[in-house]
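Multiple structures follow.
Shared between the two complexes below is subunit A, which has subunit B as its partner in the first and subunit C in the second.
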Partner chain A sequence: MLRYICIRILSMIPILLGVSILVFATFHLVPGDVVDIMMGDEVAGDPKVLMELRKELNLDKPVYLQYLYWLWDAVRGDLGKSFTSGKPVMEEILHRLPVNVELMIIAIAFVILIGIPMGMLSAYKQFSFLDGIVRVATIMGYSIPNFWLATIVVLLGSLYFRWLPVLQYVPFSENPLENIKCMVIPGFVLGLTTLSYIVRMTRSSVLDTLRQDYVRTARAKGMTEKLVLFVHVLKNSLIPVITVLGIQIGVLIGGLVLTEEVFVLPGVGRLILLAIEQRDFMIVTGSILFIASVFVVINLIVDIVYAFLDPRITY
Partner chain B sequence: MAGAKRPMERREDDRLILRVSGLKTYFFTTEGVTKAVDGLDFEVRKGEVLGLVGESGCGKSVTALSILRLVASPPGRILEGRIEFMGKDLLRLSDREIRKIRGSKISMIFQDPLTSLNPVLRIGYQLSEVFRYHKGMDRMKSLRESIRMLKTTEIPSPEERVKNYPHEMSGGMRQRAMIAMAFACEPSLLIADEPTTALDVTVQAQVLKLMKEICREQETAILLITHDMGVIANMCQRVAVMYAGRVVEYTNVFTLFSEPAHPYTEALLKSLPRLGAKRTRLDSIEGQPPQLHRLPPACPFEPRCEYSAARCKEEAPGVTCLREGHEVRCHYPINGKKE
Partner chain C sequence: MDEKKENGEILSPSRLAWMGFKKHKLGIIGSIMVIILILVSLFSSVVAPYDPLAMNPKDSLRAPCAKYWLGTDRFGRDQLSRLLYGTRISMEVSFGAIAIAIFLGVVIGLISGYYGGILDNIIMRLLDILFAFPLLLLALMLVAVLGPSLENLLLTIGFLYHSRFARIVRGSVLAVKEKEFIEAIRSVGARDITIILFFILPNVLSPVIVQATFNLSTAIMVEAALSFLGLGTQPPTPSWGLMISESRRFMELAPWLAVFPGLAIIFAVLGFNLMGDALRDALDPRLSQR
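Coming up: the complex of A and B.
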């Protein structure tokens, strides 16, 4: 197992390199260079200042050296400085990251703590009234578009009924209770599609597992239904669910930008949106590299969990 | 058949372990009702090996599952009949009571040991479950017992094997582990549903020998389900031949081979390769296997029977007792020894 984990960690390196090359290439695919873009249509500034800036960004060196310098900085956690605020990009990201982490944790908690038990129950009581309700609810859950639901929740909730704090973000460090109050609903909205998907997935996976020969063996050994379900069925039926969950985490990350925007939460998504508007190139590329790396790491974790669940995985 | 008469014997025969009488298990599917088991009778006595033979789909596995009430429901349902095990009707027990019997007094071995073992749990865990559940042992003690049990099935280095997952073992070893599991609580009855069909020919013989030995030691009776007449000849004392959910002939193993009385039994034996040939599986006999939801009204074997007469189309044959311990369900049983 340890060997497998090491190999998987090492295999991340080429993936991350690929990602970094892609991100770096965006610098050079645009006409002109970063400094031109930054300046946009504005009257060109003092050529001397521009030269200085180009030098600072290593733009006067050959491309491969530029890449290596940039990569070396990135590895050390230096993603450059924002053109607009002048602060290090890393600092800007880390400053807003707690919002995203919290949203993700809430969304995933809903998915795992509600989705998996609900799917199991639905499968175990197949064709019951409860199963019917769950089916209708999940179909609604993944056919309602996220942005629509988010907008409706904000409109109804904060403007008409006043049971949501009116789009007022409170940091966790200031007031944990208020913070959770204003994050739970955005987190739920973010996770809803995935939640519905995981319920359906768990249901069909449990149904499939219940039909397996080894479940019959467990019953023939005299196991109680509870033991059969939680010892023999659960672990097996989670294997495909974990795979889907791993893919869905990417979907969740994608949904962050929208959730932040609608609920006016100061996360990395809004940072990127704002940076695009202001042509703050360093922030855009830095954040994208950062998010891509996080995604690769999450995939690694999913793979390791998967290997723990399924001993048949060959390392 | 055996349950239909001899009410006197019921009290006398204290060697009787299992008596199935009038068992009906149907499947209610969208295509109609499949009468997988339709009025089945047989008995198993202490230490005896009863063979249950018949073509694929005649209801052997459903019979086995019905005894432990493991038939998938829906679509399956046991409609009527009695399954008396040591004097108690299993069909009338509560869920809790039948669970206490499963795996301890009656245990089961299935055809494919790979799919019958849980792929994500270690062999030791799956084995020790039986000890923990039925004997209330703790983790350590049950694991020690599991190793001891594996040792009796002649698995090499059982201390290592308990740490294995099923996919890390060979087919023969997996079936030995299943056998260890089945015999863990010294059951009175073992139901073995084609225990060697999925194994290599060489391993088959070893596994059968092992089953025979442990059974003799523990005085366990076996209900042995098989396609293989060679296995029947090797293992069984008595044989029940099944056709379309019923027993059509019920006799001891010598009579079965020397004087088969039912036309279906005769056809089965004819389809066997002659002595000395390696394979002795019954692959095909003339005609189509019966369709359980569209059976002929009278004798189900009639469309394929070479002795069929007018009466066979009109009246369902009852049970005829040719002599003590040899019963047949046919209007015109074949008599006289075969060459």
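Coming up: the complex of A and C.
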């Protein structure tokens, strides 16, 4: 097991290198160089100053050296400085990260707490009325664009109901209760697509498991239905569900940008959008490198959890 | 499509697939929805009652009525016409992007799977890098750098999605290339290119078709999402995502502007998903979910 974990951690390195090369290359796709963008309309400024600035940013060196300098900085947590605010990109990201983490936790909590029981119930009562409703609802669920649903929720909340303190972000440290109140609905909206996939996956996985011989044996030896369901069926059905959840985390991270934008939450997603608008590519590429790295690590964790759950996987 | 079945010229595997597909009621509904979408996008100029770009300041923000079935936006443009033309944009981007993705993915997957070895290893590790990004964010970054436009969006989605097809095709090639009939063809001296194009390719097409249907629905979603964020279709071109984004400023005055483009997206995504489910069950029984 330990060996497997070590191998998986080592295999992350080439992927992270590849990710960094792709981000670096994208940054260099921007027409002109960093200095041109930084100076904006003041390009006509003193050429000597510009030269010095280029030297300071290593722009006078060959590309591979630029990459190595950049990578070395990034590894130490220095993603450069924002063109517009002058603050370190890392600081800007870390400042907003709690919003994203909280949204993700709420979304994943919804997915697991509602999705898995609903999928199990739907499978257990296959072909019942409830099963029918769940199946239709899940098909609908992943056909609804979450940014549209978010827009509609904001519309309903602000127009017809007054129960939603919409569009007013309160930091958790200031007022935990108010904070959770304004994050729950965005979190749910964010998780809806994933929820549908998880319900579907749980349902089909549980249906598979219910047909296994060991389930029949468990019933035959007189185990109560509850025990059969929760001990034998649930545990063995969870493996494909976790795979899907792992894949869906990428979808959730992408959805964060849209959710934050509609609910006006100050997370990394809005940071990126604002930076794109201001052509602040230092922030755009820095944030994306950061998120992709986190995503790679999350995938690693999912893989390890997966290996723990499924003894059939050999390392 | 019914006549096709009756004239009996079709080989039995495809006939079986068709029979499986027909049993799938939701799949039939989905296909009808997709056919409607394609027809609307081909004939949007015929079915749209008004010019989607014609501004009509005195009819600004009208609620749905007999003259404007789905109301008008702030410039007095007819929303129904804009939605119908938006179908064309949406289909153009998704079909265009997925066509690029299929082409790249199938070529890469065939080469990687057939030749194997170091080449296969390198290609697969490169694809892993693409899978290491949350897709929407990578698309966001690429479009932002290339400059927001319909063409860049189409190319970006095509480029990003090819990796999925490449993986699937490679996997199927690995399974097919060990079969005896490939061995037999090789023993009579067929060249690699002949084997790949005429004997392997036809055998890996069904998972590609299934995957393509599902990816069309995701591409519609991604196009709408990026246009919503201002990084796709640019105004005044009518695009569903962009229309939702524009509606937000007048949400309280004109909620219908927010509702209908979303329903259009749901209709399109649902259509492709339902069709995809049925195709998967019919063409790829191993993957079917009850």
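Quick notes on this one:
Criterion: the second predicted complex is superposed on the first by the 305 of 315 C-alpha atoms of A that agree within 3 Å, B and C clash if a C-alpha of one lies under 4 Å from a C-alpha of the other, contacts with A are read in each partner's own complex, and residues count from 1 in each chain.
Basically, a contact is a pair of C-beta atoms (placed from the backbone, for glycine too) under 8 Å apart; a residue touches a chain by one contact, two chains touch by 3 or more.
Owing to the predicted nature of the structure, the values given are computational and were not obtained by experimental measurement.
Bringing the complexes onto one copy of subunit A puts subunit B beside subunit C with no clash. Residue contacts after overlaying the shared chain place A:K55 against neither subunit B nor subunit C.
Of the two partner chains, subunit C is the only one touched by A:S204; subunit B is not. When both complexes are overlaid on chain A, the residue A:P311 reaches subunit B alone and has no touch with subunit C. Of the two partner chains placed around the shared chain by superposition, subunit B is the only one that A:M223 touches, whereas subunit C remains out of contact.
Rounded to the nearest 10, the angle made at the CA centre of subunit A by the CA centres of subunit B and subunit C in the overlaid structures is 80 degrees.
When the shared chain is aligned, subunit C comes close enough to touch A:I291, but subunit B does not. By the touch criterion stated above, A:K125 is placed in contact with neither subunit B nor subunit C. Once the two complexes are overlaid on the shared chain, A:D213 sits against subunit B while remaining clear of subunit C. Put subunit B and subunit C next to each other and count what each touches on subunit A; the higher total goes to C. With chain A used as the common frame, the shortest Cα distance separating subunit B from subunit C works out to 14 Å.
Taken together, the subunit A residues at the contact with subunit B in this complex read 211-214, 216-224, 227, 231-232, 235-236, 239, 309-312.
Taken in their complex, subunit B has these residues touching subunit A: 65, 68, 70, 72, 99-104, 107-108, 110, 112, 115-121, 129-130, 133-134, 165, 167, 178, 181. If you check the complex, the residues on subunit C that touch subunit A are 26, 125-126, 128-129, 132-138, 140-142, 144-146, 217, 221, 224-225, 228-231, 241, 244, 247-248, 251-252, 255, 258-259, 261-262, 265-266, 269-270, 273-274, 289-290. Remark: subunit A residues 14-16, 18-19, 22-23, 26-27, 29-30, 126, 139-140, 142-145, 147-149, 151-152, 154-155, 158-159, 200, 204, 207, 250-251, 253-255, 257-258, 261-262, 272-273, 276-277, 281, 284-285, 288, 291-292, 295-296, 299 touch subunit C in the complex.
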